[in-house]
Amino acid sequence: MSIKDKKIGFIGLGTMGAPMARNIKKAGFSLGVYNRTESRAEAFRDEGAAVYYAPWELAEDCDIIIIMVTGPEALLEITGAIQEVLKTGKTVINMSTVSIDATMQAAEIVQSRGAEFVDAPVSGSKKPAEEGALVILAGADSRLLDELQPLFESMGRDIVCCGEVGYGTRMKLVINMLLGNMMASFAEALVFGRRTGLAFETILQTITAGALGSPLFKIKGQAISEGNYTKNFPVDLIFKDLNLVLHEAGKVGTPLPLASATREAYSGTVGLGLGNEDMAALVKYYEKIADIKIVDGGK
Amino acid sequence: MSIKDKKIGFIGLGTMGAPMARNIKKAGFSLGVYNRTESRAEAFRDEGAAVYYAPWELAEDCDIIIIMVTGPEALLEITGAIQEVLKTGKTVINMSTVSIDATMQAAEIVQSRGAEFVDAPVSGSKKPAEEGALVILAGADSRLLDELQPLFESMGRDIVCCGEVGYGTRMKLVINMLLGNMMASFAEALVFGRRTGLAFETILQTITAGALGSPLFKIKGQAISEGNYTKNFPVDLIFKDLNLVLHEAGKVGTPLPLASATREAYSGTVGLGLGNEDMAALVKYYEKIADIKIVDGGK
Amino acid sequence: MSIKDKKIGFIGLGTMGAPMARNIKKAGFSLGVYNRTESRAEAFRDEGAAVYYAPWELAEDCDIIIIMVTGPEALLEITGAIQEVLKTGKTVINMSTVSIDATMQAAEIVQSRGAEFVDAPVSGSKKPAEEGALVILAGADSRLLDELQPLFESMGRDIVCCGEVGYGTRMKLVINMLLGNMMASFAEALVFGRRTGLAFETILQTITAGALGSPLFKIKGQAISEGNYTKNFPVDLIFKDLNLVLHEAGKVGTPLPLASATREAYSGTVGLGLGNEDMAALVKYYEKIADIKIVDGGK
Amino acid sequence: MSIKDKKIGFIGLGTMGAPMARNIKKAGFSLGVYNRTESRAEAFRDEGAAVYYAPWELAEDCDIIIIMVTGPEALLEITGAIQEVLKTGKTVINMSTVSIDATMQAAEIVQSRGAEFVDAPVSGSKKPAEEGALVILAGADSRLLDELQPLFESMGRDIVCCGEVGYGTRMKLVINMLLGNMMASFAEALVFGRRTGLAFETILQTITAGALGSPLFKIKGQAISEGNYTKNFPVDLIFKDLNLVLHEAGKVGTPLPLASATREAYSGTVGLGLGNEDMAALVKYYEKIADIKIVDGGK
C-alpha cells in the first residue's frame, strides 16, 4: 500500500498542530483528527477530515498516527491511551518536543505492540507551520523515513534524517542550545555596543549585513526595536530546554561553558518575572545588569 | 574640488591593503602607494599608480591618506612620520583595526595639524577585499563621510556610519566580540551533538538550514569538515580582540558572561599551541575538554 | 516525658549512620536500630541496642525515629513503610541529604498521621561523625528543636536552627554549593600558580597560612599532595548537589555564575570517568585543560 | 657585615609602609626613610630614623633599600631615580604589588648596576602590617633570602620563599585570584541562601562554623552584616588584580572559568559606581541581579 493510500490521524490541533494537519489534507492525504478540546477538531470536519472523540478511536482507524502535544506527560498519556489498538503495520510519529527519556519510553510502548515509532520534532514556529516550511528532525531507520517522505514534505521544507529513533529529539536539543547561545551572544553585542555609545539601529544594521547575519538576528532585532516581546518562543520554554541540554550533557560529562552562562542569564530573566515573554526578553536582563537602555537614544 | 579629482594615497599593501588599493584605482581614482617592503609597492607602478619611498612623501603629495597597517604601533609610527606635512584640506583615514585609545591618539595628532581624521576599520577578509565587498565601519562627522562615499564604495559593499571619530573602532570591537561568541556557540553545538551520537554532517546541515544559519557557520563548518585550519583570522587575533573587548567593557563596568567564557575557551586554544591557526581551531579545544572527535565517524 | 526517657530508633547504619547511632547510645539514650543489611544491625546488639527487622517494628516501638539513608527514594520508601504506625507523640527526624521536594513529601506523610517531622541533614564526613562533631542543620519549629537539643548534641558539635521544616535541607544545599565553588577556586589557584612556575608545596603553604586558609584547603591540599583521591565525598555526589542547587536557583530565577562554572568543571571531571573518586579529583580536569601537572616538579 | 649592621632605607610611608618601617626600627635596625610627602617622613625623625629628601640620597647612604609604593609607574620612577647610586653590595627589595613585567624591569635596572634585587610583595592589610604579622611572598635566591630573614621577620609572621626574582609577584597574583573567587563564592552562597528564605545570620554562622570557614568569611561576613563597606581592599584594586591574573593566564593559555566569572561580577560592581568601596561590596551586585536584600529580614 502506497503512503498516499494510507489514512493519517493527527492528534493535537494547537498553534502548531492545526496548520500542520491542514497542510497534510491539502497535499491530498486522507485525514482524521482528534483534539482534547472538541471544538478545535470540529472545525476540520468542513475541510473534509474525519473527527474522532477519543485517541484510541483515531488510532484504531488510521495507519499513521501523528502526535503533536505539549510536553512528555501529554505524549505518554496519549501513547498509553492508544496502546491497546496498536499493531504491526501501524506507525506512530511523535512531533512534539520532549526529553530523550520520554521519547524512548513512548517508542518502547509503541514497538512492544509491533507498531513502528518515529520521533520527528520540528524546528520553526507558527508561520513556517502554516507555510509548510518547517524543518523536520526525524529519527527512525532510513527505509521508514523514505516511505514517510511525501507526508513530511506536506508539512516541511527540509526533512533531516538524524539517525535512529531518539536522534530527532537529540538534534532538537542541539538546535535549541545554539538558539539560546546565539540569543545571549546577540544581547551581549547589543548591550556592549550601546554602553560604548553606539546607536542601536547602527549595531543591528552592521550585524545583519555581514557574515554573522542570520534570520534569527533580523527577527529578534526587529522585535527588540519595536519593544514587542509577545512570545513566539517564551523565556520559560528556552530556559526549560537549556536545563534539559545541561542535564543531558552532564550525563555524558561534556562541559558547555557558554550554554551554562546562557542558562544563568535566562535564570535571571525568569527572576525578573519575564518567563511568559518572548525569549528576546533576555535583553531586559542584560539591560539591568549593565544599567543601560538598549533601544532609546544612542549617539 | 570633487573627491574624484583628489589624489588618494594608500599606505600598507598587505593581504587586505593590496586588493583595496587596486579597487580604488579601478574605480578611476588617482592613486599613490607606499609600502615598507618596496617590492610590493613597485607592483603597482605598472597599474598606473605613483610609488612613494617614504610615508611623508606620499602624505605631502596626496589629499586623502589611507592607512591599512597591523596594530596600534604601526599606525602611530606612520601618523608620527607624516605629521609634519599634514595641513588643513588633507584627510587621513585609518582602516586598520586598533584599540580605541590608539585611534584617538592618531586622531589627535592629525587634527592638531588642521587635517581631518576618519576611523574606518573593515569587517571581512581577503575575498571580500578583492571583490570590493567589505563592510566599512566608519567614524567621522556625516558631512565628511558623505563626501568620502564614492571612495568607500570602491572598496566596500556596505558603508556604515557609526558616529563620530572612534565609533568605527567601537563597532569593530562589537562585531568581533559577536564573532567570537558565535564561533564558541557553534563549537558547543557541534561537540554536544557529537557527544549525543549525532553525525557531524547532519548537525551542520540542520544548523545552516534554519533561522540560525549564517554565512559564518557555512564557512567555518566547511573548514572544520575538511580539517582545514589555515588562518583566515587566526586564534591569536580573535583572542587579542576579546581581551580588548573585555578591557573596554571593564572600563564601563559592563559584565559580558558569554564573551568572558569565550575568551577562556580561546585561552585554552592558545595553550594548545594553536594561536596561529584559524579561529575555527577552537573546536580542537572543545574536542579536548569533551574527549570526542567532532568530524570522524558519528552515527 | 523528658527526652532522656524517650526511646530512639535509628534507621540506616552506613558510614555516617553507624557512628552517629553509636554516639546516641554512648550519651545514655535508649537505642533501637534497623538496617536493610541485617548484619550491620546485629553488631549493635552487643552494645546494648534493640535490633529490629522491619522499619515499621522500630517505628511502632520508638518515640523518635531517625532516618539516615541515601537519597530521596530510600527516604520515601522508609517513610511509606512506617506511615501506618506513626501517631501523635512520635517524631521523625530525617538526617539524610535529599531534595527540598523529597523533604516536603516526607514531612507531609509524617504530619498527616499527627506525628512531628524535623529535617536535619548534617555537614561533615566520617571522622566528625565518629567524634560527635558534626554540624547539624535543623529545620523545625524552635520549641521542638529545643526539646531535641540533647539528642542532637550527642551527634554534633554545632546545631544550627535553620527555620521551619525544609530549611535544614535548604542550608545543606547552600553549604554544598559553597563547597563546590571553593574546591574549584582552589583548583584554579593551584593550576594557575603551577603554570606560572610556582612549586605546589609553596602555593599550598601560602594559601593555608593566611586569611584564605580553611580546613577544606588543608585537607584537600594534603590529599592532592599525596595523590590520594579515595572518596570522602565523591565527584558524582557533589555534581548531583550542584545540579540540585542550580535547579532550585532556577525556580526562583537567581543567577549563580560561579556555581554554574563549577558545575561545568565537575561535568568535565565526570566525563573523564572520575565520578567515583573524591571531589578533589577536580584538579585532574584542570590539569587536562591547562596541560600541566599540579604536583610534580615546579620551580 | 651582618644584616644587623646594615643600614635600611625605606621608601614609601603610606598606610602599609609606615607601620612596616616602624617595625623595622623597633627590631633594632638602623633606619632611614623617604616619602614624597615630606611631613610623613618627618614624623619618623623623633623615632630616631634618618630622613632623606630624595630617593637617591637614601639609596646612596643605605645598604638595603625597601620600596613600598603604589603601582608599577611609581616603582619604575623610584628605580630610575636611584639607579645612578646603586652598586655591588647594595640590595633593593620591592614590596609593592605590581605586574610581573614591572617587577622584571625593575630587577633588570637594579642588577645592571651590580646590585641585588628581591621582589617581596605582602599579603595582609593595615592591621597585620601594624602587628608585624604580614605574610611576605619573597622571590630571590635562597642565600639572599636567608640573609634577609631577620629583616623580614621584623615585618612579617610568615616569610614564604617563592623562588627566583619574579616569583613573589607570581604568588601574589595567585593569592589575589583566590581571594576574588572566594569572595564571589561567598556572595553566591549568601544570595542563594537568602533567595531560598534562609536568614543571613544563620547562613553566616553555618559557613564559618565548619570546614569551609576561613578568616576571610568571618571578616567580610561581619562587614556585610554591619553594612560597612569602608575599603580595606577596594573593588577597583581586586578588579585590577583579576584583570592582571587573566592577562598572565592568557599568556600561557590557561583557562580560568571561575576567575573569569568573578571578574565579570566585579566588572558589574564597578558599573554600579562602587569601585572605591571594599571588595565585599560585590554582594551589592549580586543583590541587584538576584533582586534580594542579603541582610534584612529572612525567615
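Things to note:
Going by the order they are written in, the chains are A, B, C and D; count residues from 1 in each one.
Throughout what follows, a residue touches a chain if its C-beta (ideal position, glycine included) is under 8 Å from a C-beta of that chain, and two chains touch if they have at least 3 such contacts.
What you see is a predicted model; the values in this text were computed from it and never measured.
Chain pairs A-D and A-B differ in how many C-beta pairs they share in contact, with the greater number at A-B. Seen from the C-alpha centroid of subunit B, the farthest chain centroid is that of C. In terms of their C-alpha centroids, the spacing between subunit A and subunit B amounts to 37 Å.
For this pair, subunit A with subunit D, the centres built from the Cα atoms lie 54 Å apart. Of all residues in subunit A, those that touch two or more other chains are 249, 252-257, 260-261, 264-265, 268, 271-272, 289-291. For subunit D in complex with subunit C, the touching residues are 100, 123-124, 135, 137, 158, 160-164, 167, 170-171, 173-175, 177-179, 181-182, 184-186, 188-189, 191-193, 195-199, 202-203, 205-207, 209-216, 219, 245, 248-249, 252-262, 264-265, 289-292, 299. Taken together, the subunit A residues at the contact with subunit D in this complex read 257, 268, 271-272, 288-291.
Subunit A contributes residues 239, 243, 246-247, 249-250, 252-257, 260-261, 263-265, 267-273 to its touches with subunit C in the complex.
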